[in-house]
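Letters A, B, C and D mark the chains in the order given here, with residues in each chain numbered from 1 onward.
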Amino acid sequence: MKYEVLEKGNVTVIKLSGRITLGSGDVKLRDKLVEELEKGKKKIVLDLGEVSFMDSAGLGELVAAYTSAKRHGAQVKLSNLTKKIDDLLDITRLSSVFETYNSTEEAVKSF
Amino acid sequence: MLNKVSILFQSDLSMTDCVEEFFRTAVKRWDLEDDRIDWIALSLREAVNNAIIHGNSNLFEKKVEVVMEANEKNIVFKIWDEGRGFDINSLPDPTTEENLLRPHGRGIFLISKFVDGVKFICRETGFGIELKVNLSK
Amino acid sequence: MLNKVSILFQSDLSMTDCVEEFFRTAVKRWDLEDDRIDWIALSLREAVNNAIIHGNSNLFEKKVEVVMEANEKNIVFKIWDEGRGFDINSLPDPTTEENLLRPHGRGIFLISKFVDGVKFICRETGFGIELKVNLSK
Amino acid sequence: MKYEVLEKGNVTVIKLSGRITLGSGDVKLRDKLVEELEKGKKKIVLDLGEVSFMDSAGLGELVAAYTSAKRHGAQVKLSNLTKKIDDLLDITRLSSVFETYNSTEEAVKSF
């Protein structure tokens, strides 16, 4: 997994790319998010457009991101889901947990 | 034609990537859709990770064996660890309201959605999960 | 850390790609140069192809076992087949004038150029070639 | 291995790409070449610029290409060698067999 952090006004966009899996030794989404939360960021968009593959540990990271944000009084939204990630969220019913947007722009505006 | 392959390795999570790439290369001989390959690869990963983490308690010395067998109709994976297995019927459903925000517990659920048959097998030396993939659909 | 992996398969040349991809994924943990990885992968391929073609006479039922073992200093590959081996000293040099235009006979030569040690081992069940790669250079 | 055949005047350029190895089930360079030889082509350039990997069987294909051509009174030259392929030809002394050119253009002109 790689990531890039962009500030769009008062919204923090974390652009993720690559594989989010256990075993590659780099499921660090949670840590990256906590870093932003501890800087006081409250509005966060995870752009998943470039995420090619995700396993149950990756889904666990998304859920942990969601709950960590909540604990900090912040909110995490998702954008740019590929069909594959969208399917995974549907199957696991995580689509009922997350607000998802077709584009990062829409997600940013939605706050 | 792939008939039977066995990969034996120690409990090291980085082996999961290696097994996945072996499978992705082997699977090229069949004309499966890319998405389907991804879901099978995901299932295989989940089973291997479980064998390492839960079956072998992350103890490096303990071994995992992945067996891939294929005929014209099916690919069958068996993932063996050195543990005692678990009671499948007691697994919580990860899609219910109270479990939805748990960071774990989606592996077996995903496997059961993505492959065409799942079996659990106990033998003297350990526990195995069998994943069956139908090649004709 | 990769310690010991064993991959057992039938004599099918398409397995060579699978073994190569397994190795290429496993080798990521070490900081080897891309070129060096290619040369090691090539050596591994040559040894596996030889095991299938010469050792097992392309008989699908006969098995090849690839063992990869690593410590801080070396990666050691052993490629076992079910054959009787061969006399290394009788191999013609592929770089001499009279052999230069032969389409075969460069595999062992390339292996010997690209890995840091080659050994041939006979055991009751077959023949093995051992390739040693030095990690510290 | 993939290939593409281009005619440059009376020179036939066969542009190879990908891996030329045994086991991938596609070491068919020899066949492709024989096809061109049987059409009566006498001047052939193998453009190896996009060849990413080659094993001893691949080298054997190059040699077989050379000898088949000779038998047909034709000539095969190589162009665009990457460092990797160049090293392989050097180590095996096949560099003394083939005329090689830095570019396909030069190879075409050299006939």
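The rule is short, and it goes like this: contacts are C-beta pairs under 8 Å (C-beta built on N, C-alpha and C of every residue); 3 or more make two chains touch, one makes a residue touch a chain.
Model, not experiment: these values are computed from the prediction.
Chain A and chain C have CA centres that are 44 Å apart. Chain A and chain B, compared by their mean Cα positions, are separated by 26 Å. Chain centres here are Cα averages; for chain A and chain D they lie 49 Å apart. Along chain B, residues 14-15, 17 each make contact with two or more other chains.
Taken pairwise by the contact criterion, the protein chains link up end to end in a single open path, with no chain closing the loop. Contacts between chains, counted with the stated touch criterion, involve the pairs A-B, B-C, C-D. The touching residues of chain C, counted against chain B in their complex, run 1-10, 12, 14-15, 17-22, 24-26, 28-29, 60.
Residues of chain C that touch chain D in their complex: 13-17, 35, 38, 41-42, 45-46, 48-49, 94-95, 100-104, 106-107, 109-110, 113. Listed in rising order, the residues of chain D touching chain C in the complex are 21-25, 53, 55-57, 59-61, 63-64, 66-67, 83-84, 88, 91-94, 96-97.
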